[in-house]
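Same chain, two partners: chain A is paired with chain B first, then with chain C.
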Partner chain A sequence: MLDLINVSYDTQIPNNVGLSSDKRVLKALEKWHPGYINWWSDLIPQNFQQSLVYLRTAVSVDPKGWAKFDYVKMPEYRWGVLLAPQVEGRTIPCGEHFGEPAWQEVPGEYRNLLKRLIVIQGDTEPASVEQQRFLGLTAPSLYDMRNLFQVNVEEGRHLWAMVYLLHKYFGRDGREEADDLLLRSSGSEEAPRMLGAFNEETPDWLSFFMFTYFTDRDGKMQLESLAQSGFDPLSRTCRFMLTEEAHHMFVGETGVGRTIQKTCEVMQEHGIEDPYDIEKIRSFGVIDLPTIQKKLNLHYTLSLDLFGQEVSTNAANAFNAGIKGRYMEHRIKDDHMLQADTYTVWDFEDGKAVQKEVPALTAINMRLRDDYTRDAQGGVTRWNKIIEKYGVAFEMKLPHESFNRKIGVFAEKLFNPEGQLVSGAEYDAGVTEWLPTHADGDFIQSLMKPCTEPGQYASWIAPPKVGIDNKPGDFEYVKLHMA
Partner chain B sequence: MAKVIDFQTDPSRYRHWRVEYDGEVANLFMDVDENGGLFDGYQLKLNSYDLGVDIELADVVQRMRFEHPEVKVVVMQSGKDKVFCAGANIRMLGGASHAHKVNFCKFTNETRNTFEAAEEDSGQKYVAAVKGACAGGGYELALACNYIMLTNDSSSSVALPEVPLLAVLPGTGGLTRVTDKRKVRRDLADVFCSVEEGVKGQRAVDWRLVDEVVPNSKFDAAVQERAKEFAAQSTKVSGATGIALKPLDRRFGDDSITYSLVEVSIDRDGRKATITLSGPDAEAPASMEEVQAQGSDGYMLRLARELDDAILHLRLNEREIGLLAFASQGDPEKLIAHEKLLMDNADHWLANEILKYWKRVLKRVDLTSRSMVAMVEHGSCFAGVLAELLWACDRSYMMLEEFEGDNRPLATVTLTPANFGLYPMSNDLSRLETRFLGAPEAVEALKEKIGEPLEADEADKLGLITYAFDDIDWEDEVRIFMEERASFSPDAMTGMEANLRFAGPETMETRIFGRLTAWQNWIFQRPNAVGKDGALQRYGTGIRGDYNMERV
Partner chain C sequence: MNKPLKQHLIDPEICIRCYTCEMTCPVEAIEHDDNNVVVDAEKCNFCMDCIPVCPTGSIDEWRVVNEPYSLEAQFDWDELPAQEEIETAGGEAETGLEALDDAMAALLAEAHAGAGGKAKAPASASKPTINMYNLSKPAVATVQGNYRLTAEGADTDVRHIILDLGGLPFPVLEGQSVGIIPPGQDAEGKPHLPRLYSVSSPRDGERPNFNNVSLTVKREDRGLCSNYVCDLKKGDKVRLTGPFGATFLLPDDPQARLLMICTGTGSAPMRAFTMRRQRTVGAKSGGMVMFFGARSPDSLPYFGPLNKVPDALLKKHLVFSRVPGQDKEYVQDRMVSEEEEVAEMLADPNTHIYICGLRGMEEGVEKTLTNIAESIGQPWGALRDTMRGEGRYHVETY
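Coming up: the complex of A and B.
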């Protein structure tokens, strides 16, 4: 455990922000740190806290330092405060301040807006750890358990990163908001997390993979747009977070891919050609492809909701203020101000989904969501390659963005995954084919048996192609503490 | 905005509110229909409101008083998940004419005052149960409630973000109630009104912005528990049975509105309207049982409802009619008898409600931004409650002595005890006290005249009217006054009248309708808010308001 009385921040907290000489931040972090450790200790089941996990720790931002692998007990993980190196002469990449030198201090007029964005981003980081807290108990292998914990500690570090910004740049208000980040908790009736999707428990490993693929990808897109911020410390923080976020996406994509692969293997082995022969496929302890598609439908659409309303004042304000840019802002060829531009978004008029042009500034969310959809398609294509390789006649698809939405113009309206408006009866008849049913959940749950022998994998998932840090297949990624 | 706005509605037509009655507690849910805006061009997202939403609220509040006297506590809450109320709809404000904005604010202010006063007036206490965002006009709704509970979920807050976000004021009583009602320290109020996100949790209590914060998991239960406690503490009589407020008997003509007791005739060329109130069409009821049985058909209540509707209609829909002339015809004795029955039974819930309603209607007249004149003609019945109109108006003209060919009874004014405090103005003085601010003894002396029909020369001598004219002068004097009035700048008239009407002490109400409203209406004219590059116009585009930084 960290010595809480005599924390040597420069040695125990990897940082490149001169922590030991920054009295203000030190004082704030000292106060916040015990609460964080308590949060972590209360969260993760005790026997995992004492286990040695083969984790990657970022100790600096240079290529040698950002991925140090070693066994560590999670509460002793060295959560660092690391910002991508400052780029000399960086300018504000978008909005009405385009081309002005990037802010190194918070501009007073945007203080609240910035704080709000950082708090919302910060709120999602610990939320996912909370959502996933019990998954360790049913890990399909030590490899997967290690990946879960890697994701968890890094989400924890991302919380640190946001807290550092709040402490460093937002004074008393920032300290209070940092405290509240530990006060709110996923699914809590008392003080739930700010965004709805982060208040649902992650019930099983397939959900976890879908979550890291689809929902963490929303996180990635948000980080990408914050990495474009004219507020340089935020930009630098997010740029570094993105390097870690890539691993979460990897866990999701390969997790789903390995699940699909195992299903296809089993089908081939037993000569099952019809992917819809669900009973039979399931009888071999693997998850049938239509059910995986249903999980995909659910997580993709929940993640679309995280992008908010199609037309958004807040997003417009943030872009125009230069606080939040677009995905790959620097590669976009336009004036980066968008005051006279338009963008096509979905709307719902006279009972039909229609596309229409709206002022581009107000459609910033949608632009990012469209980029997200393109980004999310990549993995789906690769999953289909696996299916194809086994000769199974099935194709995974992203559903239409009108399907199963709770936010935006399609909210609470009945669409099928192809994007056609359907009647209540048609929806009821179809929904069991489109979204996971409770019975599907029961089945998946029945497969969630822990598998803790090194090199062994649960029935429903294939081993990875390569190990973490190039370790061999029987490597003991987690040395479980047996109490 | 040429559409005619109707202030009459009923629960079967509500789109934005619903009430669940639970004995002495009523749960009032704000659940605004996004697509139910009064005008095109905006959606009422996040429980934001426009005039249509407020007309329903006013109806809810009114029916609560008359139809549900058994209710002692009303819990105002949101029917939506994550938001209490986001305030007045900004796009609606951005698109509205100046006149509509001003009228909208006035009506919403009057409605806030009505449910705020319901506790003192009739023992109906409004409690705001705030869960989710409560910003701007949303917090102003809560501020007008007499107890505010806020959930402590670490994100729900109360906020007045108008200044930083929109470059306007929290003009529906917000600034005033923060200092005068909640008595928030002015420096903390300054902080509160400058931060978009507002204040949450215990600090909201510490700063006096809310009365109580409750852990989120216990919130709903605590709200109902508190409501029951307040109901138990209430001194309001239990077990009263309400009366139904039936639809008004009302017909619109091109230049007229005809109610059962009120006739509005509009002279568009002369830019004036005459509102003629009829005296009682029946003898006064013998008892309150009879009043109760008559329900909304009873004379006193029916007249108040019809006059109220006529005033609102003229304010919103007849904006070029600059002069309102109040006339009456009927038997003053009968009118006095109707009023007396209510006064003698002021502890009866319905008598109390009718009298308090008259207080509100008369205040509505006071606050109407039109030139107003009372015409005390022969055959009129300006007695008691209707005599208040003489002093609500900017001037009054009274017929003196007999007019040729006019065989109606000679014009009189009759005072009743009600004129000495039953219908206070928003400055908390009676109209007579306000009128004779420099001579309080004159008000005392007038008490000697209670019940005496005062003819023109005496009414003139006592200072109850502006002018008394005989047959020879009447027509010309009245004509010249009206023509002169119609020629003045409407803006100057509004300003002059609003200043002259409310002599005497300031109250929270006068500060809302005077100071706050005047500043707000000034800001509503300034380019920083409403210019094409102003904050209100640009709201939602992402581009900030472009301010002229000169202090004026």
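Coming up: the complex of A and C.
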């Protein structure tokens, strides 16, 4: 009997999709495999490749086998193809095919649309590993280093997940797309990654935490809506990826939170009441709250751009075709077709930002972005609770969605973080208070000193409240290879 | 007075509201508002599915309460309330709780998670007593003996420790655990939390009708408590809590058959089971089969005494993974080569399975049981759930 819960190791590629009896796909993946390993080996610095990292690996897709923790050398991590169990009798949850049985094969008329969605999703996965490749060298603790590597190996696995779909369901051009995923490279001149936000290097750990909080959250929202797909293999793949993605959200939220906490601790300890007494605060080796706010402004707005245009016929087509649903589609109580509904979106008319009603079908992107903003606000509220606990008079805020945008109706127009249109002079005067400057970057960079003693943390970040897998505070999360 | 009950809660300061637990929960006991993710005490059936999927560790929180916290109360929390002092009588066993204090309950819940659902005691098991002694009121025992079980020069140091309770009542059943409080304080100046050890002696004492218990303890590199215990000398005083555990217990029914799978010090409860049977049924058929793995004979605890137990009482499969000149063999490998015997036991509704040892053994053993069960046309997941529901499947790993 085919075992669809436990991971099978009878091929080189761990999987729960019966790969050993699917010779064509197995052969194609085995051909792709060495290229992947080369990509990984060239990317991550060698002494980390040899180090033992306390990682979790899934040995099955049911809750029990989902997180097995052990020391692993990253190149020996069991990347594999894991799909959530098939739901008996699942139907297409949205669009004009609503209620029909979910597709187990690619429907011909939507082949190209589907392939494009999978390739875009797949392209972001290796991109983020490329962006973060040098962060291990400046990890503020072994705990954080382990979290970074966990994120990295799981992004690698997400690439596998998408590549499997391409190989299994899209024939020859699917294989070519899969090869191209390894050819493009973040920040490359000739062959950059597909989305802008994935071509910027992640220069420091605060950026990494902000990236995992804000940009990976866009990934989470995309996965959520692909998990609602009428194409069942895509839905099952994304559902399993979401359980892994939650770890990335965790790294981001607690990383920023611990940075804020350490700043507040130091302010309290030295009796600093004014959060804008930046020089004094920085002199104690922590990052002042206004600078953290600036990083937040940057990463939040870059991530908003990833949702595309406010009004989009592509998004409408994908929804209508049942290829991509809305966030928590199954919990939304409407007709799931949106033929007559409207949705409020931002527009720019007569030099002013205005809100207006448009057909809901064309506003799918906006709806997802609004869900994203609500989701992102949760962590910001939590960060403010930390600040409040220390009695510091400061509040983190998500900037208005018109601020610093490159895509959509606000693109290239000058707004301040409150959402007021400003003149060029006003913008120039304010921007150093709104977005991180090169000098801020220099300062943050100066704090990026590696800390590799178990249980020790760099000056600018507090230890976590709970260890990974309930491990004690001085647990050696990475056994560094000393060459 | 209401019986106290154990309530599953989520620490709002650590939770990041990813809702993975909510999506995973098979009975929809978890929900959220804009503020917190919370567990409905009326719905939660302790299946533990939400524990491993949580990326933060915030989900592994338990409180013993007389009145469960309502959803509304939990939505309002900024932080988790501390465990309140709960008045308890001696016989809390009926509540189905493994332990009344938070830390011990969490440890046991984690140890038993490998069973894949809420653990249940065998139908005919005696009613256990739990939490007679706790951190604020520990029992003090005297060390009667400390014997090395593994050969000098073996790569592990496993000890057989005998503790005398003197005149103190300490009713402990085979399969239960006791807590040992290491002396001293942690970095924050608080007393160390007790570490749990399974008793390896039967209920009537290491020596019949002496009020003593034995433990089987392996010295862990840099292990605070295990080094303390392994270095104990005759006459030393030790502070104990417990007993704990209300499910990993021996059926009293003499017809019940036992399939015991263990490694290393996971043999402790198996020793207690075997001795209890031996003392109650004598040399008659005990219906017990054991698969016991160690690296080598000289690092297998109780190797000598075990070999003297007659096969009719206990059929032994001692399996070694590091014997020079031999292929590595693990318990699951031997189970495969003894497939027929295992299959026959799996098919028998009188069979009780016990798995105890390092967490790493779970995966291989479970996979082998899956294959063997399927070879007799029984999907393992369903069989396991049935056995567990009937109190016939028990896992304790660490």
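The rule is short, and it goes like this: the second predicted complex is superposed on the first by the 471 of 483 C-alpha atoms of A that agree within 3 Å, B and C clash if a C-alpha of one lies under 4 Å from a C-alpha of the other, contacts with A are read in each partner's own complex, and residues count from 1 in each chain.
Keep in mind that, in the parts below, a residue touches a chain if its C-beta (ideal position, glycine included) is under 8 Å from a C-beta of that chain, and two chains touch if they have at least 3 such contacts.
These numbers were taken from a predicted model, which means no experiment stands behind them.
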*After superposition on the shared chain, which partner residues are touched by A:A315: those of chain B (first), chain C (second), both, or neither?*
first
*Classify the contacts of A:Q339 with the two partner chains as first (chain B alone), second (chain C alone), both, or neither.*
first
*Return first, second, both or neither, reflecting whether A:A67 touches chain B, chain C, both chains, or no partner chain.*
second
*Identify the partner contact of A:E253: answer first if only chain B is touched, second if only chain C is, both if each is, neither if none is.*
second
*Scan A:V59 for contacts with chain B and chain C and give back first, second, both or neither.*
second
*Touching A:Q49 in the superposition: chain B (first), chain C (second), both, neither?*
neither
*Given the touch rule stated above, what does A:E189 touch, chain B (first), chain C (second), both, or neither?*
first
*Where on chain C does chain A make contact in their complex?*
13-14, 16-18, 20, 23-24, 34, 48-53, 55-58, 60, 78, 110, 113-114, 116, 360, 363, 367, 370, 374, 381
*Of all residues in chain B, those that touch chain A in their complex*: 152-155, 164, 195-197, 215-217, 539-544
*Sort out for me which residues of chain A touch chain B in the complex.*
96, 112-113, 116, 180, 183-184, 188-192, 194, 313, 315-321, 339, 359, 361-362, 364
*asked:* With touch defined as at the start, can you tell me which chain A residues reach chain C in the complex?
replied: 1, 3, 5-6, 59, 62-68, 70, 242-243, 246-247, 249-250, 253-254, 375, 378-379, 382, 385, 465-470
